[in-house]
Structure formats: C-alpha cells, structure tokens
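Next up is a structure, given as structure tokens.
A, B, C, D and E are the chain letters, set down in written order, and residue numbers restart from 1 in every chain.
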Amino acid sequence: MNSLLALLIVPVIGSAAAAILQRYRLVERLITFLTFSVTFLFLFGIKVGDLFTWHLDFLGKNLEMGLQITPLSIFMLYMTIAFGIVLTFYNISEKSKMKGFLLLLTLAASNWIFMSADLISFFFAWELMGWSSILMIFGGRREAESRQGALYYAMMSIGGSYSMLIGIFLLSNLTGTFSIQSNVSYLMSILSVHPWQVLGIVSLFFVAFMVKSGIFPFHTWVPYTYGEAPDGFVPYLSSVMSKYGVYGFLIFLPLTLGTHVPTVLGLAWPNYVLLWFGSITAVVGSVLAFMQDDVKKLFAYSSFSNLGFILAAIALFTPIGLTAGLFHAFNHLLFNGAIFITVIALISKVGTTRMSEMGGIWQKMPLTFLTFFVGIAAAAGIPPFAGFGSKWMIFQAMISHGLIFATVLLFFASIASFLYLMRAFHAVFLGQLSHRYDNVKEVSAIGKITEVFLLGALIFFGILPGFVLDPINSIVSAFGLKPLPTSGYEYINGFFSSINMVSIFIVVIVAFIFGFVLFAIVAKHKKVPQEDNYTAGQIPQDWNLTPEMYQFSYDFYEPMNKELAPFLKVKIDGFFKGFGESVEYIGGAVKEIFTGNVQIYTYLAVGGLVIFIIAGWVVW
Amino acid sequence: MKTYNLAALLVGVPLLMAFSIPLFGFISKQLAKWITVLTLGFEFFFGLYIFLWHIYPFNVIMGNWLPPFGENLYIGPFATVLIILISFVGLMISIYNLWSANHGDVVHFALLFLMFVGGSIGLVSTGDIFNIFIFMEITGISSFALAAYGPERRALGGAFKYLVVSSIGSTLYLFGVLLIYTQLGTLNIAEIAARISQTTSGLLTFAGILLVAGLAVEAELFPFNGWVPDTYTGAVNPVSATLSGIGSVGGVYVLFRILMTVFGKDGNFVSTYGNIDLMALVAILGSATVVIGELSALVQKNVKKMLAYSSMAQMGLVAIGFSIGSKMGSYAGVFQLVNHSIAKAMMFLILGIIVSFGIGEHIEDMKGLWYKSPFLTVTFTIGSLSLLGLPLFGGFWSKFALVDASIQRGGWYDFVIAIVLFASVVEAFYYLRIVGYMFTSKPTSTDKIKVSISPAVPIVAFSILIIAIGVFPQIVGGISWNAAHELTDKMGGYVLNVIPTIVGH
Amino acid sequence: MVIVEFLIKLAQGFGIGALALATGLLFGGIGRKIMARIQRRYGPPFTQNYIDLFKLFSKGSVSHGWAFDLGLVAGFAPMLAALMFLPIGPFTLLPSDSSLIMIVYLMMMAYLGMAMGVLASGNPNSAIGMSRALMLMTGYEVPFAAVIFSVYLFSKTGYLTQIVAQQAGGFMNWNIVKMPLGFLAIEIALQGMLGEKPFDQAIAPAEIASGPMVELGGKYLGFGMIQHSVGLFLETGIVVDLFLGGAPNFWIFIAKQFVLYFIVILVDAILPRLRIHESTSFFWKLPLFLGILQAVIVIIQGGVLNV
Amino acid sequence: MSEWTEIVDYFRGRSMWMLHYCTGCGAIELPPTMTSRWDMERFGITPMATPRQADILLITGYLAIKTLKRVVYTYEQMQAPKWVLGFGSCTINGGIYWDSYNVIERLDKYIPVDIYIAGCMPRPEAILDAFVKLKEMVQKGEAKGYEKYVKNYEWYKANQDKVLKRTSPVLKEIEKVTKIG
Amino acid sequence: MADILDEIKSMDLKASWLGDWEFEVFTPKDRLVSTLSYLKAKGFKAFMGLSCVDWIEEGNFELVYILQSYDLALETIVKTKIPRQRPVIESMGPLWKLCEVYEREMHEFFGIEFTGNPNLKPFFLENWLDIPPLRKDFDTLAFSEELFEFKEDETHGIESPKRIE
C-alpha cells in the first residue's frame, strides 16, 4: 500500500481508536504515542518525487487531486512527526486534559498539508487542522478563558482560511486546474503583464498563512490561545502548527518578482514589505513578552516573535536567507519544544502558571532546570547550542542586502528575547523557593527520558549543524537557488564567515574544565540555606520575612516598561475586540426586526411586495 | 410504461394512509405510529429504486387526461433527489417519534405528519403550477396544525403567525397563477415554459413578482420570513426538525422551479423573462436573509432560537446558490439543500433528546454535556461542523461549490460571496460557542444521559450520512449535477422530456 | 600527532588566558591609580588588584547550592573561550573561526551564566541588579550591533583576522579614519559594556548593595573579578582590532587597549551615575544614530553586495 | 606550611576590605580617611557594601541593645579571616553613656575585637595608625580574633543572650532601690 | 496679644509670659481637656510636643503640652500635675492624633496610663522587664553595672587587647 497514503490513513485510524477508548486515559495516550511512531516508520518509505493521484468527480468535472513529495515537505514531515513522538511520549505521564484523537486528526491534517499537490486537498487539510485544533483548545485549564481563547483563535483562523478559499477560486478560475505547480507557474507567467492581480491573489493566501504563524497584524490571538490551551497540546501548537504558515509562504515565495516589480535595495518591494512584517513581529513579540506574568503567555509571545525572524529571513529569498530561515524554523521547533515541555512539566508539578507565585524551583526539579537552561540558551542563540547558527545566519542574510534598519531592529528583538528568557528563567527557577513547593518532586521517569533526549538534541544539532543544513541545501537547490557551499557536518558556512562549531564546543568545554579546576583548588566554600542572605543586618525572623516576600520577580523590567509605554499604546487586539463587539451590537439591532407580533410580519411581507412592484414599474 | 404509473403511488399512498390512520388509531396508538414509519419506508425505497435503476426522468399522465385539464407528474433528477431526501428525513423523524410522540393526541399527530410529508412529495413531483398550489395548501394546513402541537403556549403563537403570513403568500401565488393561466391558457409547466416568450413583458414581470412574493414566504427569504423564528422555536422539536428538514426543501424547490424553468431565459447565466431579472432580485434577498439570519442568531442565548435563525440563514445561502444561474450554482444549491436538511434535522432531534432529559434550552445548560453524554456532543459537533462547511463533513463540499460558482459568475457576485463568507464566520462563532460550552466544564451533577434506541437510530444514521458525504461527495454529487442540468437547461432538461409524452399520448 | 598539536594549542591558550587576566588586572590597578590621582589622592599601588584577587582566593566563602557555583564558573569560562578567537596583535589561537558575532554571543553566554549564578542566590538586590544589567545590555548592544554590521559591510568579511589585515599599513588605513562615526558609537557602547560610571547602575553599592555581587564571597568574588578583567581585555581588544588596526606586536596592542581604557576611566571619574531608563534611552538616541548613520554611509559607498 | 600562611597573610594584610557599621557619631570620621587628605586606599583598604565581601568590621560608636543584635548577625555573616575594629571610647567602656540603661559598655564581651581605637571619636590619623597596626598584626599572624570567637562560642553566646534575651528584671530588690527621697 | 492672657486669667487659670512670644498656663488635671481645646480654638492648632517631669518629692508627674499658633506667632506651654502612684489621664488623641505617639513614649518611660490611646505597646526598649527607666526611682547605674559590667573574673581566660603606646 503506497506509503504516501499511509501517512494519512494511519493517523486517522489511530484517532478513531483513541476516540473509542477515550475513557481509559492511559490507553488513549499510549495509542497516540504508538500512532505517531508508526507514522514515523512509514516516513522512511517515501522519497523525493513520489506522486499519488486520485480522481474525484465533484463540481461536475473529474477533479485530479494528488499527494507529492518535495524536499521541503520531507524536511517538514521529519521535523514535525519526530517532535510529535517526543511530545506524545512525554504526554504519557502528563495528566492534562488533552484529547488524543484530536491531536491525531491534527497530525493527519498536517501530513496532508505538507504533501498536498493541489489546492483543494491543501484547503481540505488546512480546514481539518483548523477545526481539530479549535476543538482541542476547548479543554483548557480555566474553562471560561479557554473558551474565549479558542473562539478568538477560531475566528481568526476561519477568517484566514475563507480569504484563502476566495484566493483559491480566483486562481483556479484563471487557470482552470487546481494543481499547485501549474497555478504557481501560471502566476509567474502573467506576472509581467499585470503584477497587481498576482499580488492580490497571493496576499489573500498570505493572510491565512500570517494568521496561522501569528505574524504582525494577526498575532493578537496567540497569547490568549497558547495561554489557555490544554497543557499537553501547547508545545505542538507552538512548535509545529506555526510551521504551516512558513510552508505556505514557501509555496508562493518562489515567484521571483525581482524583474517585474520596482525593487528596494535590490529586493522586490513585496518581499521588502514582508520582511518588515517579519521584523515588526519579532520586535512586538519580544517587547510584549518581557512584560507578561503568565509563563505560558510569555512563551506564546516568544514563539511568534521567532516566527517573525523566520519570515524576515525567507522573505529575502536569497540562498543564505532561505537557508537561515529554514534552519531557524528547525531550531525554533527544537528549543521552543524543549522550553514548552519543561514549562508544562513544571506547571503540572507546581500547579500555577503565574510566575510571580513561583521561584527557586531549581532546588526541587534539577533536570527540568537544566533542560530549561539549555533551552533558553539555545533560544538566545548561545554558540554551542542549536539556536546560534540560525540567528547568526539571519543577521548575515539581512546585512548582506544592506538592510541596516531591519537588521538593527532584529538585533534589538534578539536582545529583548534574551531579556524575557532571563526573566522567565529567574522568576520560575531561581530566587527564593516558597514553602508551598517544599514537596514538589522531579518529573516522572518518562519526563526525565524526554528531557534528556531534548538536551541531547539541542547540543547535537548545535555542534553538528550539518545534519540539518544538508537537507536544507537540497531544498534551496530545489527552489532553483544556488545552495551555500558545504564542508563537513560541523561547519556552518555563512556569507561573511564560516564557523567550525565543534572547535567552539571544545574550547568552551576546556574553559569550563579550567574553571571547575580553579573552583576546586581555591579555598573551600560553605553551603548556606536560602534564608541566610544579606538583609542589611536585619534579622529575617524578627520581621517574619517569608520567601514569597523576599523573591523579586514581579514587574521585573519596570523601568523598561515605562520607557516603552508610549509605543505600546497602539493596541492591535483592541482593534479586533472592537470589531467583534460592533458585530455583536449590529446583531442585537438586527434582531429587533423579529419583534414577535404578526402585524409586523404582514407589513414586512406586503412592504416587500410593494417594493418589487415599484421596482418593476420603474424599470418598465 | 408499467412502472411509470406506479410513480403516482408515491403521491397517493402517503395521503391515503394518512387519512386511514384514524381507523388504525382505534386499534392501538402504537400501530398508528408504525403505519407512518412503514409508509415512509415504502416511499424511501421506491425513491431509491427510481434513483439506483436510473429510470428517471419520466412523465406520468394522471388518468390519461391531456393537459390543459389533466395533470402530470414529472420525476426528473431534481425531483428524485428531493423525494429521496424528504422521505429519508421523514422516515428518520417518524422513527424518532416512536419514542418521543407519546404526549397529546398521537393519532392526530401521525395523521398530520404523514399528510405533510405526502404533500411535500407531491409538491416536488407535480408538473402543473395549479397542482403546486394545491400541494402547498396541503402541506400548509398540516404544518400549521403540527406547529401548534405540543403543550407549550408559544407553539400556538408560532403557528398562528405562520398561518397568517403563508396564507398571504399562497393568495399572491394564486393571483400569479390566474394571470398566467389567462395569458397562456394552460397550467402545465412545460407548456407555459415553451410559450412564455409570447406574452407582453410587462404582464410577465407583474405575474413573476406575484409568484416570487408568494413563494418567498415558503422559501424563507428576507422580507417574508418573519414567521420562521417564532414557528420553529414554538413547535415541538420533531416538528421543527420536519419544518426545517422538509418544509423548506419544498418551498425552495417550487420557487426555483417557477423561476428557472417557467420564467427562465436561457443564457450562460439563466435570467428571467420580463423587465426585472428576478434571479438577481432573489440573490439580493438571499444575501439579506443570510446576513440578517446570522447576525440575529449571534446574540441569541437560546440554542433552539439559534438553530431557527441559522436554518433561515442557510435557506438564504441555498437561494443565493440557485440564483447564480450557472450549472455550478444550482449544483451548489442542491448540495447545500441536502446537507442542510440532514444536519439541521439531526440537531433539532438532538435538542429534543436533551430537552426531554430536563436540561434547558439555554446555552448555559449545555455546560459539560461532553461528560454527561459524549454521544450527543459528538453528533451535535458533527452537525454544526457540517453546517459551517468544515472538511470531513458534507457541508464542506457544498460551501466549496457555492464559492466556486459565485466567483465564476464574477461581477457583483464577488461582493455577495464576501458577505456570505463574513456571515459564515459569524455562524462559526455561535456554533462553536455552543460546542465550547458542551466541551468545557465538568458539570456539578454528573448524571449520565442514557439515550434509548429509537431516538438514537435516526441521529446515528444522519451523522454517518454526513460523514459519508464528507468523505465521498460523489454520493450526492452525481445526481445533483444532473438536477442542476435539468434546472439550467430549461428546454433540453425539462420541456422536451414532457411535451412529447403529452403529444404522443 | 593531533594530541601533541592539541597540547600545544592548549598551552598557548592557557598562556593567552593568563596574559589577558594579568593585563586586565593591571589595567584595573592603573585605572584605580588614575582615579585616585584625579581625586588628588595617592591611590593604591597598581598591583593592588593582584593582591585583592589572591586574598579573595584565600578567603572562605558562602555558596547557595550547585546552581550558584555552576553559574559563577559559567560566568568567566566563556569569556576565556572567547579570548581564543580574538586576534591579539599578530597572534590568534584559532584564526579560522574568529568570527565577530560568535565572540559577541560567547560574551552573552558569560552574562547568562553569571546571571544564573547570581540569581540562584535568592537575594532581591542581586535580582534588581541583574534586571538593571540586562536592561542596560539592551541599551548598549543595539549601537554596538549597528557598528558591527557597518564594519561587516565595509570590509565585506566576518573574520576579525581579515578585518585587521585590511587595516595594515599606516595610520591612514585604519578603520577609525575611514569610519569615524562608527568608532564614536562603539566607544560610547564600550563605556556601557565595561559597566563604568555613567552606566554602572547594575553594581551601584549604595542603592542595591553592589547589585549582583551582593552574595559573592571570597572565591566567587574572585571569579567575578576575573570575568570583569578578562571582559575588559576582550572588549577593548575587539575595538582595537576593529578600528585601530590590530598591532604588529603584543606591546603595541596592549598600549592601544590602554588608550581606550584610559578614555573610559576619564569618563568614569567625572560623570555621575545615570538612572537605568535614562541610560537605555540614551544608548538608543545618540550612539544608535551615529551607528546607523555610519552604516548608511558605508552602504552609499557601495558596500551593498545583494548576493 | 608556615611559609604559605606567611605569604597568604602578607597578601591579606595588604588588601583589607572594610564594612563600617556606622552607629553612633564615629561615621563622620571615615569620609576624611577615605578621601584625598588621608586616603586609606593607599593601604589597599576600600569600603565594601556587604559582609560577604568584607574582611574588617568597623564598629564606629556606642551600641544600643537593638544595634548589638544586628552587629552580631552581620559579624556571623562575614567569612573566615575577619577582624573587628572597635572605634572610639564608647566601644571600650561605654564612653559617656557608661551608666546608661541601654548602651553596652564593652564590645569585647560580645564579639572578639582585634584593635580598639581610643578617643571620643579618634581622628583619621589614629584610624590610619590602627589600620597599619592591624596590617602588621595580620602579617605577623597575631590577629586571630575570629578563631577566638569560634573557640569560645558558648561564652560569647551566653554574654549576648544575657543582654538580648532577658527573662527576668535586672534590678532585683526594687523597693530597696526606689527608697530615695 | 496681651488680651489672650487676660481671657485665660478670667477663666481663673494661672498664666504668665515667658518671653515676648511664649507664655505658660497651669491647669488642674480635670480642666486639661477644656483648656487645650479652648486654646486650639483660639488658633494654637500646631501640637509641638508632650513631655513629663518627675517631681518625686511632691510625688507628682508634671505633664507639659507645648502648642504653637502660626498666624498669631505665639507658643503656649500647658502644664498639669498628676499623682505619681497611679498616673492616669485621658488621651489627647481626639484633639491631635499625633499626640498618641508621644503618649506611647511617656507610657514606656514613665508608666503613665493614657485612657483612650489605642496602642500603648513597648516602643524603643528591647524586651524591657524592669520598671519604666526614666522615673527618678529607677537607678540606671545599678542597672548598668548589673547588666553590662565586664567583671574581671568572668573573662573566661580570654585576655582583652593590651594597651599599645
């Protein structure tokens, strides 16, 4: 049986099984994990260029729908399904109210998105992924807020997909077929004749993709939804589902607009606008992130800020830009996954998501603390770990185009990301441990295995980025760009300079060893409990000092908030909320028509008739 | 020829059995209910037989009297689809009634129900505009009585409103028919369709307006659909299921049979004779209905009222589909009609079960249904997702076709489809809000709801059908494509199949 | 064979580390002497920092758990690692990887490590100090980045060794002449990076009891001193390599570094300490404007490659 | 090992970091010693903010019972080689508050003092002289106050508790005492 | 300005000038509140201080209230005597809220009871168990010798630092 089709059928069967056995939670979580692993096994059966088509007589004509494998789809499939395995393996021990069968439906839809060859199945999979994730978010921790969050996400994503629907039909009416290949090549052909029509259609598609990855104007739903979604689902939502938008962008970005459209700094102006969308998202995400007090909301802002980085890189559509974008997409999946899994492990043990109530948990959960530390180091782009290579390549890609303003903005976003990562790290793990968490224990064995695996992955892909850069190079050449030169697994070849990551790792390790040796040989130190702290001579017991009072983490960057306050007045989600309320208001007004007494209805009917007659008269 | 005349049984049997039910009623109330199930079963399988053996289209001359006096039944692809749909929905609701209809006068309920379904089937298959009026009256009367059925006072209010407005509608329709009869001397649709171009256009527009106004009441278009919310919420749940599942089907069929076959002027996009293009007029009314229906449903807090407004809006959607005038448009209309009646009937039945277990109709009472009975929640979710047009469910393909048709038509129809999509985002909001309430909180009292067999069968059948259409749209796709052909290609599809048989006879 | 070559590299690395530490402490001592002279007093002998460091390592100290220790060690280890890629005069230990952004991010790893250790102590003063240090970092890193990117654009390469090579041959060839505004911006940023007077809110002794260093006792304070002095050597070294054209031999390199440090000390001795949000917004005004202006000039001069 | 301790003591003497507990009126004498006229930084002595970093604890005046409790707590927070300098006559014998009900008379009773500097607020020269003296004592290895504290910890604690944790009134025969007038 | 004194004398209270801008008033214990509120009404709104003098020979405590009036630019010192054995007087809190703090100090150091003062808790002294220290009958020298004396025999073998010339 063709393994392409298996990638779709297996998750659906698994989902059905999970739905039936929904009552026995452990069995359902095991089924979810097994389905993910089996799907991964089928993944080995496919190779670039596979094609599977079938016909559907619908809309009166014999529509040809199909699945095809491009290097990009293989890259995305491997990435997302592998992460799914890690997540569902962790979820076996997680008690969050995540419904396994909906996750498997989302998996089926995500495989289908990455493999669809025609617009109908792409839209079919996109909508399927949409509603299964909406229903999933309903089961969040706080039921009223998770409903608001899910409905906000539903409105944005359904609105986005309807704009894509219009785009699909505008396009397919022009070309007559639904297959993506022919449509994109058609767009390229008519590009020189009337570019504005092409831009119109493509922007309709891009609205849907921007909503899904939370890019600037449509990012407002992300914090509400990630903050409220059930804990087991948030890592999948943030790491994997934001990549659909990236995949979507990459369908239409090959329209090399350079030749037909006025260029800015050697870049076609639509790409330039998209790049600015990316950089603004990155800055907005990072700046808003370090003001949050809810840890899930904080990392929600962080995840769509990283999406801004990715979009800024791929919008350049130069060899180094595309490589940087895809590499950052992979790294984002890795470190975002690591951070979110440790956060939900933490929340399941600590019970609250508000950072001001946590603190000092490194004493109780050391392994989670280490994974979180390596996760945020990778997110901040610290060399030996995974995040460094991609962030560094993004800056090189941007600066090689001379886009100085956007690069400085992105660098500010990456420094601001360092801020909120440190804030989360301090507020949650470091500082004073409150007595509420005295009996908090480390995660279960399964949790430990997952965390060790994530640690290994972060370090492995940090040291040997070649394993990720080779498939990316094949993707870049598939898009018709000349890929960057490759020389060995441990090398990252940028435009300005190339770095041997293994040598950096060795040097850092040697420095660490030297540090620990120095630490050992000098005078001994004495371990002291957390109460024995410098309190300017005041004896803590006298003014009954509690660890909560003594932990400083609420409003950590208050001066910076005051500094950036004028810029934050512009509330984008205010716009969407206002729009929602006005629709509700009109609804209330319209409802008045059906007053309930029959005279009104008869007047309406007769009135309608009179209008028709007058209209007939006038026209006559 | 033998089977052709049997088709008359399709109309005759339900009416005959309807009036014989009081006799069976004396023997036992249970028997009366079983009679309705059996007759509708017969109807369904007969329709299935016509469809599967592909013996449509054929014409049945009643008693060998030639028009303009005799009537004929024309069972084309459009009529077949609707007959199967009506009989299937009727069958399912009658099975549901075995369990639910036990308070009040069971015999009268069964009589009225069977009369209503028989009348609808007749309405759908008759080939004579005056005969359409007769069947409209039959279904009208039975639906007034059905709407008034049940213990609640609001049922009476709803039924009375429905009575007043639809009587206005039928009188207007009657004037229209008289006008046409005086002009063309015939009542047979095919003959009128052939001779329509001979009369003066002024008279045609006037007759057309009267007919459209009359039929718009039944087809629930904007100015004329005041009665819809009160009647649907007033009526008992199985009755509102019948009204929205079957009643609206008949209404829309007749409206567009008259518009497209009788008044239709062929062209790549069908438009009507006379000065106004009635199709464009119906399109405007349809989009108004959609917007008003969705917006007023948004602020409702009562689930039944929400479903009522939503069915009104869906009918507006179907009207837009047909009024595009292209083959794709009517295809979308038929497909949407089928999906809507299945899904809406199922949701009303589910609501009926929920109400019967003492849980209120308010949206807050839906809290924690997922824990009380996963079966009801899953089926309600399937129904609502299909109405929203999300994949894996029937509604997806019909909405898909609708958007395709209206963009193909282009011009100001892009504006229409933009409004429709906005409205369906609003619709998504309030349906998902209900689903959200069901999924989220663990209720205080975790008393499980045990759904007995007889109400469960129709709901399971409906949801399986929805998913089946969702996964294999060809089930409904093929025949609705032929139905669309029959509507848009007036001469080839309808007239030439009917005239020879009459002349030959 | 490889092991022998590795051991040589190790010895050289160890030498460079010791050298950097020695010069850093020497600069610290001389800086304190200059500060004293400015205040018309004798000031400590310039070897005072060595004595302080030795005393700290011989003193008992207090630890708040393994995260505290790991953090402090992780504070100065990446600084030493970054040294290995810096061209010091003619010699660079690992010339093939001396990419500028990698050194900047290794320094950021030092900040991350130090922050982890200091915050693990649980003292609110250290938390306030660390939040000020991070806010300050957002301040000075942005103009620093603008200058780095303009240097990238100007010299079309990321390797420090090649940047130094391009500036060989006489004063006129140095980047300070070709990119004066860039040098100005990075000089102000250097003031922030070294945490000297106008921008030393993070370690304000009176307000937050010396901020992050509140819980650091004997050897931990020693590690802090090592990190500061090696960082001093590293940052001034980078600026020398970028703008003052490296150095033919080690002593001239040290001299150039000292010139830069001298300017920093003078500013330090005179200006009072700013408030934290004033210093961040200051960094986003003048230095950033200079940096971007410099980059625009470089672009106009044909630096763009749009590869 | 004695050469090693000798070398270490040499360095310890040359770099002493001072935490001055500014109680009473002695604190005003410190700014002149730090600034340009007397400049104690010449001897490697700089003021430090926290007990963790400090080597010398400078008590600059009379100690009420409340401040005594804080001084003892700060002293215990300082690390191993630490020295205490009693500053002014108030720490030696209570100074002008010799008969006050609230001021302790002799600091030595509660924490080990290495050097007392006499004077009802000694001038900066006296302070510098004390520092130089302390440097020599440290370098000769005589300043072992901190070891004395550890060895006789119970005795010191008893004295401290006698003042800080009183359980019964101090003046026993009230009526005998209040017979005046 | 002189007329104020005549008005006070007319209320048969002893009053006399202490300078050109300050005068003192002697009131019996029971008329204290009326005098103070009268003076406050006259314009002496600012309460400067409350102190107490221990006349141990007479066996009385003398409470001294100091008020000032900014617009009249005058200061008045109101004195009253209360017996030493059970010194009780009503609190001036209702007139001047801050007076309660001074009363708390008087209570701690003299043992005077102020009825109506909400918190007369210990104020300055650390776990003080003896009689209020500022009373004349409290012998500070004996207290200090008893508590703080560093007797030679108690040196526990630790020799204190020797005198250095």
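Note that contacts are C-beta pairs under 8 Å (C-beta built on N, C-alpha and C of every residue); 3 or more make two chains touch, one makes a residue touch a chain.
From a predicted model like this one, the values you see are computed outputs, not experimental measurements.
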| field | chain E reached from chain A - shortest hop count over touching chains | value | 2
| message | In terms of touching chains, how many steps apart are chain B and chain D, taking the shortest path? | response | 2
| note | Leftover connectivity once chain D is excluded is A, B, C | E
| task | Would you kindly say which chain has the C-alpha centre located farthest from the C-alpha centre of chain C? | result | B
| field | Chain whose Cα centroid lies at the greatest distance from that of chain E | value | B
| Just curious, how far off is chain E from chain D if you go by their C-alpha centres, in Å? | 35
| Which integer distance in Å separates the CA centroid of chain A from that of chain B? | 44
| note | Expressed in whole Å, how far the mean CA point of chain C lies from that of chain E is 62
| said: Rounded to a whole Å, what is the gap between the Cα centroids of chain A and chain D? | reply: 61
| Could you say which residues in chain E touch two or more other chains, in rising order? | none
| message | Where in chain C do residues touch at least two different other chains? | response | 58-62, 209, 214-215, 217-218
| remark: Two or more other chains are touched by the chain B residues none
| message | By the document's touch rule, what are all the touching chain pairs in this structure? | response | A-B, A-C, A-D, C-D, D-E
| request: Enumerate the contact residues on chain C facing chain A in the complex. | output: 10, 13-14, 17, 57-65, 67, 69, 72-74, 76-78, 80-81, 84-85, 94, 96-97, 99-102, 105-106, 108-109, 112, 115-116, 119-125, 127-128, 130-132, 134-135, 137-138, 141-142, 145-146, 149-150, 152-153, 156-159, 209, 214-215, 217-220, 222-223, 275-277, 280-281, 288, 291-292, 295-296, 299, 303-307
| query | Any idea which chain A residues touch chain B in the complex? | reply | 22, 56-60, 120, 123-125, 127-128, 130-131, 134-135, 138-140, 143-144, 146-147, 150-151, 154-155, 158-159, 162, 165-166, 169-170, 172-173, 583-584, 586-588, 590-591, 593-594, 596, 598, 600-602, 604-609, 611-613, 615-616, 619-620
| request: Give every residue of chain D touching chain A within the complex, in rising order. | output: 21, 50-52, 69-71, 73-74, 77, 80
| message | Please output the residues of chain B touching chain A within their complex, sorted ascending. | response | 157, 160-161, 164-165, 168-169, 172, 202, 205-206, 209-210, 212-213, 216-217, 222-224, 226-227, 229-230, 274-276, 281, 291-292, 295-300, 327-328, 331, 374, 381, 385, 388, 390-392, 396-397, 400-401, 403-404, 407-408, 417-418, 421, 424-426, 428-429, 432-433, 435-437, 439-441, 473-474, 477-478, 481, 484
| query | Okay, in this complex, where on chain C does chain D touch? | reply | 32, 36, 39-45, 48, 51-52, 54-55, 58-62, 205-206, 209-210, 213-218, 221
